[in-house]
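So, here's a batch of structures to check.
In the two complexes below, chain A is the common chain; its partner is chain B in one and chain C in the other.
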Partner chain A sequence: MTKYVIRRIVQAIPVLFGVSIVVYGILLSAPGGPTARFANNPRITNEQREEFKKAWGLDQPIPVQYCRWLGVCNPDGQGLGVFIGPKGLPNFLPGVLSGGTNGVLHGDFGYSIDSGESVMGRITRAALPTFILASFALVIWITIAVLMGVVAAVKRNSWFDQVATIFAYVGFAMPTFWLGIMLIFIFSGPGLNILPAGGMTETRLSPPFGSNEYWAYFGKQPLAALADIGRHLILPVITLVVVNIAGDSRFVRASMLEALGQDYVRTAKAKGLSNRSVTFKHALRNAMLPVVTNIGLEIPFLFTGALVTESIFSWPGIGKLTIDATRGFDYPVLMGVLLITATLVVLANLFADIAYAFVDPRIKY
Partner chain B sequence: MAQEIERGAVVADVENRPEGPRTDYEVGLESLSQWQLAWRKFKKHRLALIGLGILIALVVIAIAGPIVMPFRFDSIARPDQIVYQGRGPSLSHPFGETGGLQRDVLLLVVNGARWSLLIGFSSMAIGVVIGTIIGSIAGYAGGAVDNILMRVVDVMLSLPILFVILVAARFFAGARDNIWTIIIIFGLFGWMGVARLVRSLFLSIREREFVEAARAVGVRDRRIIFKHILPNALSPIVVAASLIVAGNIIGEAFVSFLGYGVNPITPTWGNVLSSALTFIPLGNWWWPFFPGFAIILTVLAVNFIGDGLRDAFDPRSRA
Partner chain C sequence: MTEVIAAPSPLGAPPPDNILLDVRNLKTYFKVLDGVVPAVDGVSFSLERGKSIGIVGESGSGKSVSALTMMRLLDIPPAEIRDGEIWFDGREILHMPMEEMRKIRGNDMAMIFQEPLTSLNPVFTVGDQIAEQVERHKKVKRKAAWDRAIESLQLVGIPSPERRVKQYPHELSGGMRQRVMIAMALSCEPKLLIADEPTTALDVTIQAQILELLKTIQDRTDSALMLITHDLGVVAEMVDNVIVMYAGQVVEQGTVDEVLVNPRAPYTMGLLESIPTVEKRGGRLSAIKGTVPNPFNMPPACRFEPRCPYAWNLCAETAPDLYPAGPHGQHARCHLHTPAGAPRLPEALADHERKLNVGHGIS
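Now for the complex of A and B:
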């Protein structure tokens, strides 16, 4: 077991390394480069552009830039000393040991071109709204998907099963953004107009979410503030739930059907156990095994959020941050989000594999 | 092709037995190829047939529609006919008219079919070709090559692909006629699933006896790959391809919806939806509804066909 865990972790390292190269490569190959935003500004001279490049280390060869960005190289080092941090140990080690502070390995993703804030700051600020939206949606859709899948499997070919099948097919085929738009039309359009069309808080009532003023307001009127967020949550949560139930409920159903067809279920029935006991104690427990690992794979979603849903409902989370960064060619933010997301996905996969091996004794490693 | 898996099904031709009391009718012994067998099973799958019908209708619309109802970006209503509000569905305009330029939504949807289907299918083709090549190499070569290629796949699958596509489209698809750029971007980022699938198929098929036999006779690698292994791996690839089409149509609509996809003067379904967003406060529901409905219909049809194909190719299911 320990050997298996270690092997999986070792396998994950080159993948993470590859991710960092791909992320760096994609953004490096982007047209224009970081000085593109000055290209059409007549008041910025060529000299100033060169100054800018020099100040940000953009005049260095690409491997050096990558190495510094990663945090393996120390920008102040000379010769082979670039790999050694200020405290004399290799620079890629955590800051406490090596004294190195630059690069993504030390949590330094640089500064947003748009706002000048640190990328880490922007990402952590956007993480809370994403977590709120994603956790609500995740809990609701998994609850419904499990219930739906189990009932559909137990009452196979009943009308409920058929309705659930149709629902899954349609939900699977439905583009998220289309559902979002239609919900906005229905509930926020001129007809009903009972729910807000977007945002996280009512801008007329409260300061923007996440600012210091907002928390002061939140401290004064916590109930009103929570109710406000709740109202704004309804439509995006519905969107996410409907779209995601489809796949997950099918998965639960398939898993449950497989468990119900196993020999031990027949044995339990033959022993004369009650239907309920067979279904819930014997079949359901075993059917939940793949389901739980599948849920594990959805955990990164709590951070990455929903690109599509957030951008439609202008929810101020990671998804919207990403879209805004794409719009404004905000390289550092894009790289930070891509890298953190990919790292989380790799870790979640690792975690799911290990958890599965741990829970299911039949798996050989 | 596919000599190995011809099961030589023995079929008593009972259905076509001549009428009457004759008892000495001939028992037809026909040998069906894998594809004929699959088609027999596919025909029994009701949803798949419906899906096929819808898809054929959509393809006809995509080919003939723009000829019958040509869309010209610069043909707009006379200024005195333009009102800001769109008009709802009516007899002359069954899908309604958009706000702003007063375009017929039906016209937009019909013309969008051509582009959306073109994008869905061509980018799928690119992705499947790349994925099959990489998967075959990895599965056939094995060892270090396999390991490296599969780590590359792992890397690509760890990235949020839709986001990567969005960034790539934003960076590279600025031109006026960028539809092929978009198609290539979707193809280049949509091969990983197929590569994994093909690799696993190759791993199992290359150990089978007929491959061993071929190798023993001295057949060259290339011939083994293309004549012996690939035909046997084809059916799961076809099923996977159908899912990719669906994903790419939705993905394109989303990227266009955000404004980084196909140039807005080309009416793809995503573009039509995208321009509708500004009119939400006016309640012009028909504008985003119909292009979205077209997407759902297409994806449903493709998924039904995929399900049908999966059952048809599954040797355990009987027709």
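Now for the complex of A and C:
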């Protein structure tokens, strides 16, 4: 098992390397760029624009920029010396040996072109809101999806199954942005106006979420602060739950139906076991095997967040950060988010595979 | 799933005490999109305590459906019990509440299935799966049930049962798995053991072992055996009585000696003629012409009539009943055994004898 985990982690390195190359290439090849925002501003001269590019290293060829971002190249080096760190050893080696400090290999994700903050600072600040929203949504939607799928399969073709099927198709076909806007329209519009339309906290009552002032306020009035976040959570959570239940409940239903049709279920019935034991011991245990994998693969969502939902509800999480960074050509932030996302996906896959070995005795590593 | 089938009123009288199983005019139909399939159409037979019966027939003849109906394992719908009664151990089981039936299933009446790999649950150990059944029916503690599981495994000849009991089905070979299935079926000492093609999925050498095991167990315990198979050779060695099924009906029944040595239904005759033997070497193998009738479009009278070498116009007009055809209670569903067919019988028997010995149309 340990050997297997180590092997999988080692295998992940070339994958992440490949992902970073491809993503970097695509991002920097996109038309426009961080200077596009100055295009219609006549007071900014061409020289100033070139100056800006030079300052951020954007004047270099894409491979060089990638090499610096990765930390293999030393931005201060000349000629072939770019590969050599300040201490005379290859730059990609750990800082103690090479003296190199730049690039993700040295843990430096750079600075946001947009705000000048460190990329890691922006990501960590956005991670907590995303985790709050995503964990609520994930727990609720998986619970409902599993219950709905199992009941629909056990009571196949009943009215419950029919309603669940219709709900799944509607939920599947409904675009997230449309559902989000409709919810805002209904619950935050002039008619009802009982829930906030967006954001994570009531800005008139509390400092911005995540700031030191906010935590001071939170310390003083924890219940009010929690209730405030809770109110803001309702609509985005509903949006995520409705949209994601659709697919997952179908998946659980299909898996459960397959299990219920298996020979060992007939054997369990032939043994004279109760309905409950046949359904919830023999069938469900087998039906959950693929579902566990599926849930494992959904875990990165806790970090990566929901791009559309967070944007619609102005939720200050990773999803919104990604959209904002994309709009502003904020390469360092985008690369940071995407690289962490890729890492989490790889880890989630590994986690799902390990979890599978625990639930299915036929799998051994 | 309908749990209770409406009881016919009134139920017939229970059979005498020495009869363990009495199936009366059982009709199990399947409602499908294209129509109704009469999978089991008026089957009757009985089985004495401790005796064995073989049900022979090709795929789709209704033999497995009969067994599943007895165990009440069919989903209703699509299955539909049109008629019939099943008396088991003095009680009518076809119309009893499912909760009652669950106490009989696995306890007094146990079943072994064809596919030992898929019939065992892959995520529970062998011991778990046997012990759970013992716990349910014998109301014993976990430990006692577990000991019983080990005993059962020992009974079916599994070496080092203390170790095997903790293994998962995928860790066992096909033959071992079928032994586990048998051990499971025997764990509550059933009065009736139903084996539905228990050797079809196994290697020939393993088949012999499993059949030997079933025979020994049947001799050693007082459980009755109902063996479903398409293999006439297996029937010859294993059971006392035999039922031949064709297109959902019993076409012949009697003792093994009667049916296999002196078959009286043309279908059984055809089956026996088509067994290859050394004597028939070089000749053409005799086969029953034509195919099994389309279940949506059964021949109106005798269901075997279109394929029968001895059929005459009566056979296409009137459906035959089961007529007495032998001295020891042998019955055959054929007009040859009525006064109208009696003149044709000697010629048919002679023809069968000839085909049996020399094969069909040596060139």
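What we mean here is this: the second predicted complex is superposed on the first by the 279 of 365 C-alpha atoms of A that agree within 3 Å, B and C clash if a C-alpha of one lies under 4 Å from a C-alpha of the other, contacts with A are read in each partner's own complex, and residues count from 1 in each chain.
Quick note on the criterion: contacts are C-beta pairs under 8 Å (C-beta built on N, C-alpha and C of every residue); 3 or more make two chains touch, one makes a residue touch a chain.
The model shown is predicted, which means the values in this text are computed figures rather than measured ones.
A.B. asks: Which term applies to chain B and chain C once both are placed on chain A by superposition, clash or fit?
C.D. replies: fit
A.B. asks: Who does A:113 touch here: chain B (first), chain C (second), both, or neither?
C.D. replies: Touch status of A:113: no partner.
A.B. asks: Just chain B (first), just chain C (second), both, or neither: which does A:184 touch?
C.D. replies: In the superposition, A:184 touches chain B alone.
A.B. asks: Check whether A:295 is in contact with chain B, with chain C, with both or with neither, and answer first, second, both or neither.
C.D. replies: neither
A.B. asks: After lining up the shared chain so the two structures overlap, which partner does A:341 touch, if you call chain B first and chain C second: first, second, both or neither?
C.D. replies: After superposing on A, A:341 lies in contact with chain B but is clear of chain C.
A.B. asks: In this superposition, which partner touches a larger number of chain A residues, chain B or chain C?
C.D. replies: Result: the larger residue contact count on chain A belongs to B.
A.B. asks: Name the contact category of A:89: first (chain B only), second (chain C only), both, or neither.
C.D. replies: Neither: A:89 stays clear of chain B and chain C.
A.B. asks: Check the residue A:224 against both partner chains and state whether it touches chain B (first), chain C (second), both, or neither.
C.D. replies: neither
A.B. asks: Taking the superposed arrangement, what is the smallest distance in Å from a C-alpha atom of chain B to one of chain C?
C.D. replies: Shortest inter-chain C-alpha distance (chain B to chain C): 9 Å.
A.B. asks: So which bits of chain A does chain B touch that chain C touches too?
C.D. replies: Shared contact residues on chain A: none.
A.B. asks: Quick one: which bits of chain C touch chain A in the complex? Just the residue numbers, please.
C.D. replies: It comes out as residues 71, 73, 102-107, 110-111, 113, 115, 118-124, 132-133, 136-137, 168, 170, 181, 184.
A.B. asks: Please name which positions on chain B make contact with chain A in the complex.
C.D. replies: Of all residues in chain B, those touching chain A are 151-152, 154-160, 162-164, 166-168, 170-172, 174, 246, 250, 253-254, 257-258, 260, 273, 276-277, 280-283, 285, 288-289, 292, 295-297, 299-300, 303-304.
A.B. asks: Help me check something: in the complex, which residues belonging to chain A touch chain C?
C.D. replies: The contact residues of chain A facing chain C are 262-264, 266-274, 277, 282, 285-286, 289, 359-362.
A.B. asks: Sort out for me which residues of chain A touch chain B in the complex.
C.D. replies: 11, 14-15, 18-19, 22-23, 26-27, 29-31, 169-170, 172-178, 181-182, 184-186, 188-191, 197, 304, 307-308, 311, 322-323, 326-327, 329, 334, 337-338, 341-343, 345-346, 349
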